[in-house]
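Take a look at the structures below.
Next come two complexes, and both contain chain A; in the first it sits with chain B, in the second with chain C.
== the complex of A and B ==
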C-alpha cells in the first residue's frame, strides 16, 4: 500500500486517463443498456435487462453472430497466412527491398474509409473501373457490370478482401520484426542436419515466430472484430440484415433506429463476445506459453 | 493444465486492451457545448440545419447576416450537417442538454411528444402564421397544435427520357400496367439501358415505397396509428416485385440509392424515374442535351397523385428565455423577399401563400405546382413515423431480393411497433 502511494504521483495521470476515457464510458454504456431512452435521447427510466432480452430475441441475432465469427476468422486467418509469406519475402535481401518494404506500409498509411471507398466506387455498376474491366475482358456479359456491393454475399466477400488488405502492413511488420530475432545459426544448423527449406521453415523458423504471431493475431482479432468502416461502406446499401456483423448492427440500432439503449446492450454483448473469442484462441492455440 | 499467475495477468491485460478498443462506438453520447449565451448581454440563437446542396451554407449565412443587421442584439450560430448525420447529431445534442434553438429537419412529432418544442404560434407573429398554406399546417400538427413550421416542400413527378421511349416505341404511362409495358420495351433496348429506375436502397426507400404503395390506394397511417402491413399496401409492394421480376427496372433495385441512380438517368441510360423539382436544375447543369419531359406519377387506376414532402423548422424550448429572439428570426426569414430566393435557389417549392404567388409563373416548377393539390404526405405528426421511416430505409429493399412482399411489410410493421 505504501509502495502504491509512493508510486501514485507517477502513475496518477495515467490512472486518471484510464478512468476518464475507458472506465467512465464503459460505466455509462452499461448504464445506458439498462435504461429506456427515447428516440430523441430522453432517459425514461430503468428497464432492467429488457434491452438485452430484445437484442437476443431479434430474429437475425444469431446469424449476425455467426457472420461476425466468419468475418473475424477468415480475415485474421488470411491476413496471417499472407503476412507470413510477405514477411519472408521482405526478410530476404534483394535490390529495391527498401522500396518494397515502404510500399507495403501504404495501405496502413491511407485512411481505411478512403481505401474502402476507392474499392467501392470501382465496384459500382455503370461507372466502376473494376466492373468496366471485368466487362471489357468478357467475364461479365451485362454492359453495366455486376452489382458487387448490392448483393449480401459478394459485398461481404469484398469487405473481407479490403479488410485483409488494410490489415497486412501491421501484421507483416510484426512478423518481420519476429524474423529478425530468429538466430541465423539455428537455420544453418537445421540445414547442416539435412533439413530442406520447407522442413527448416516449419520446424525451426515458424516455432520461433510464436510470440510475434501471438501479438499479431490477438491485436488483429480485436481490431477486425471492432471494424465498422469497411463493412459500413461495402454493405451499407444492402437492405435487411443479411450482411451485418455485430458492429454494423450496433451502428444500425444507433443510426437508423435511434435506439441508444439497444445499441448499448449489444455493445456489452459484443464486448463479452470478443473476450470469448480471445479466450478460445488463448486456450486452443496457447500462443503465450513458452516453446 | 498449466495455469500460472503469469497467464492470468496476461489475460487481464488482454481484457483491458479489449475494453479500451470496444467501447468507442456507443459511449460517445455527449455533445460538445458551444452555446455560451452570447456576448454583450445579447442573445445567441443556435441554428442546426442539414445541407440540401452545396449552396445551403452560403444561403443561410446570407439570411443570418441580414437578420443580424436588423437585430443587432441577437447573434446566430450556424451549424450545417449532412442529412446522413443530422438525426444522430440532434439526438446527441438533446441527450447532452445542448439542443439547438432552431432546428431544420423532417420528423418533429417525437420532439413534440417529449415536450421539447415551442408551439409555432408562440414563436411567430400572427401574419407569419397565417401566411402558411393550410394543408402544410395540418401536416405539421400534433393534437391540433402546430409544432413544425413548414419550411420547404417538394413533390414527385415522373421524369421520362423521351429519346429512349421513342427509340423503344413506348408510350408515356399513366397506369401501372402501361408502366410495366413501357419500361420493359425500354429495357429490351439493351446496352445497359434500364426501363424504370427504381431506388429501393436505404437513402430514401420510404419515398419510393410511398410512390407505389399509396399509388395503389394504400397509406402509411395517420397521427394515431402507423399502418404498413395492410392489404392496400400489399398491392403496391407486389407491383414493385412485379416490376423487378419482369425485368422492367435496373439490376439490384433493392440496394440502389436514389442520388447515384438519378445520375445515371441524367446520363441518359434510364427510361423513366421519379424525380424532384431540383432534378430539373441538375439535368440543366450536367446534361442539358437530355431530351426529357415531366409527367404525373403512374398509379394503379391512373388517377393523379403525388408524394409531397415538407421539411420543417422547429423551435426548441431549452431554458425558455429565447422566445422573442426566435420569433424575430422566423418573422424575418418568412418574409417573401428573404424566403422566396432561399427556396428558389435550392429548387424546391414554397410553403407560404405569398411564396407561391411569387413563384407562380416559374416554368420549370409548373409540372410540380400542378400536382401539388393532389399531394399526400408522410404521417409526420405520428411520433412513430420516425421509426417507420428508419424501418423502410433498412428493410424495404428486401422486396427486390426475393423476400415475399407480405413478410417485408410485416417486418417493417413489427419494427415500427417495437420502436
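== the complex of A and C ==
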C-alpha cells in the first residue's frame, strides 16, 4: 500500500484524466441510455430499456447496421490489400524512395475533414475537377455530373474511397515496420530453394507479417468504425437515412433531434458492435496464432 | 511483387547489370536488374502523384478566383494566380476564421502540454518501478487506446454540461489530452524501459534524487519518444472533429476542422477560401509528421510488434 502511495504522485494525474474524461463518461452514457431526457436536457426519470427499444424499432436501424458492417469490412479490407502492395514497393530500393515515403505520410497528417472537402468539391456538377476529369477521359458523358454527392449510393461509395485513402498511410507504415522484422536470410533461403518472388512473398514474407497485420487491422477496425468526418461531409447533406452508419446516426440523434437519451443508447449499441466485430475478426482470422 | 510483372528488359540475367548495387538492402538480390529499378521508380512516381493529388487540387484551387473555381468549364491549373486570397479569406462571412485558427492552436498546444505533463511521469514510473496496481494502470491505458471520443460524445456532452465546461476550450483540451494520453504513455514507457537500470543506479549513487534522474539522466535518452508523443498528440488534437462538433457550439470557439464543414451545402460555396485555409492548416502538421518520418516505421508500433 505504501508503494502504491509512493507511485500516486507519478501516475495520479494520468489516472485522474483517464477516469474523469474516459471512464466516467462511459458510465454516464450507459446511465443516460436508460433515462428519459428532454430536448432541453432535463432528466425526466428512468425508462428502463425503452430507449433501446426505440432505437431498434427505428425502420432504418437494421439497414444502418448492415451499412456499417459494409463500411468497416470494405474499407479495412481494401486498405490492407493496397497497403501490403505499397509497403512492398516502399521497402525496395529505388531512386527517390525517400520522397515517395514522404508523400505517403501527407494524408495521415492532413485533416480528414479537409481531405474529404476537396474530394467533395471535386465531385460537384459542372465545376468539380474530378467530375471534369472523368468527363475528359470519357468515363462519364454528362458535364452536369453524376450527382455523385447527391445520391446516397454514390456518395457512400466515394466516402469509402476517401476512407481507404486516409487509412493507407498508417497501415502501410505499420506493415513496413513489420517487414523490417522479417529476417533477410529466410527469404534468401527460399530463393535458394528455387522459390520465385511471388512464392517467396506468399510463402515466407506474408506469414511473418501476421502480428503487424493484426495490429493494423485492429486499429483500422476501431478507426473506421468510429469515423465521422468523411461520411458527414460526403453524405451529410443528403436527406433521409440511406447513407448513414451507426456513427453518423448517433450524431443525427445528438444534433438534429437533440435526443441525448437515444444517442446514448445507440452509442452503447455501437460499443457492443465494435467488440463483436473485433471478436469475429479474432475468432475467424486468428491473427495472433502461430502458423 | 513488382518484379514479378517486369518488362522484357528485366529478364537480363540477374547479376549481369551492376545497377545501383550499393542502394539495395536486406533481402533484395545483391544486384537489382535495371528493369526492376525502372519499374519501381515508375510505380513510386505514380504513388507519389496519387498521394499528393488532393493537396495539389487544394493548392491550385486556393489561388483561383471564385468565378474560376466555380466555372462550368473548369481548368486543372489556375489561369491567374491570386495570392491575395490568402489575405482576403480570413474575413469571409461563413465563420470567424481567425478565431477558429486561434481556437485550433490554443486547444492543440494546451492539450499537448497537458499530455506531456501527465504522461511523462507516468511512463517513467511504470517503466522503472514495480508497485501494486501497476498492471491495472497499464491495462487501463491500453483500454483507453481502444476508445475514441466519437463513440463517447453523448457522455462527454452530459458531463461537461453538468460541470459547466460545455462550449469552452478547457473541455476540448481535456478530451484531446485524455484520448491521446494512452499512446503517449505507451511510447514513452517503451523508451524508458529501453534504458538500462544501471544508468539510474549510477546517478543515484552520486546522490541524484528520482526527479533529477528523470530530468537530467533519462530525458535526453528518451527524447525521440517524447518528440513522437508530442507530434502525435498535437496533430491528433489539431485535426479532431467529432467531439468538437458537439461540445463547442459558439462559432468562434470551434476549431478549423468543424468551421470548414459549414461551407458545404452553401448556395455558393467559396471553395477557394476553404482550400486556402486548408493549405494553411495542413502545411504545419505535415512538416511536423515529416520531421519524425524515420520514427514512424519503427517507433510507432514500439512494443506491439516482435
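The rule is short, and it goes like this: the second predicted complex is superposed on the first by the 271 of 291 C-alpha atoms of A that agree within 3 Å, B and C clash if a C-alpha of one lies under 4 Å from a C-alpha of the other, contacts with A are read in each partner's own complex, and residues count from 1 in each chain.
Here, a contact is a pair of C-beta atoms (placed from the backbone, for glycine too) under 8 Å apart; a residue touches a chain by one contact, two chains touch by 3 or more.
Everything numeric in this text was worked out from a predicted model, so none of it was measured.
By the document's definition of touching, of the two partners only chain B reaches A:151; chain C does not. Applying the stated contact rule after C-alpha superposition, one finds that A:222 touches each of chain B and chain C.
When both complexes are overlaid on chain A, the residue A:178 reaches chain C alone and has no touch with chain B.
Between chain B and chain C, C touches the greater number of residues of chain A. When the two structures are aligned on the shared chain, A:252 is found in touch with chain B, with no touch to chain C. Using the contact criterion defined above for the overlaid structures, shared-chain residue A:38 touches chain B, although it does not reach chain C.
Shared-chain residue A:267: touches chain B and chain C both. Of the two partner chains, chain C is the only one that A:109 touches; chain B does not reach it.
Of the two partner chains, both chain B and chain C are touched by A:22.
Shared interface residues of chain A (contacting chain B in one complex, chain C in the other): 21-22, 25-26, 28-29, 32, 41, 126, 143, 222-223, 226, 228, 236-237, 247, 250-251, 254-255, 260, 263-264, 267, 270-271, 274. Only residues 21-22, 25-26, 28-29, 32, 37-42, 54, 124-126, 142-144, 146-147, 149-151, 218-219, 222-223, 226, 228, 236-240, 242, 247, 250-252, 254-260, 263-264, 267, 270-271, 274-275, 278-279, 282, 288-289 of chain A touch chain B when the two sit together in their complex.
Residues of chain C that touch chain A in their complex: 1-4, 20, 23-29, 32, 37, 40-41, 43-45, 47-48, 51-52, 54-55, 57-58, 61, 69-72, 74, 76, 114, 117-119, 121-122, 124-126, 129-134, 137, 140-141, 144, 146-148, 150-159, 161, 174-175, 177-179, 181-182, 185, 235, 238-239, 241-242, 245-246, 256-258, 260-261, 263-265, 269, 271, 274-275, 278, 281-282, 285-286, 288-290, 293, 296-298, 300-301, 304-306. Only residues 1, 3-4, 6-7, 9-11, 13-15, 17-18, 20-29, 32, 41, 85-86, 88-90, 92-97, 99-115, 117-122, 126-129, 132-133, 143, 165, 168, 173-174, 176-178, 180-182, 184, 187-188, 191, 196-198, 201, 211-212, 215, 222-223, 226-229, 232-233, 236-237, 247, 250-251, 254-255, 260, 263-264, 267, 270-271, 274 of chain A touch chain C when the two sit together in their complex.
By the touch criterion given at the top, residues 2, 7, 10-11, 14-29, 87-88, 90-92, 94-95, 110-111, 114, 116, 190-192, 200-203, 205, 250-252, 254-257, 260, 264, 267, 269, 383, 386-387, 390-391, 393-398, 400-401, 403, 415, 418-419 of chain B touch chain A in their complex.
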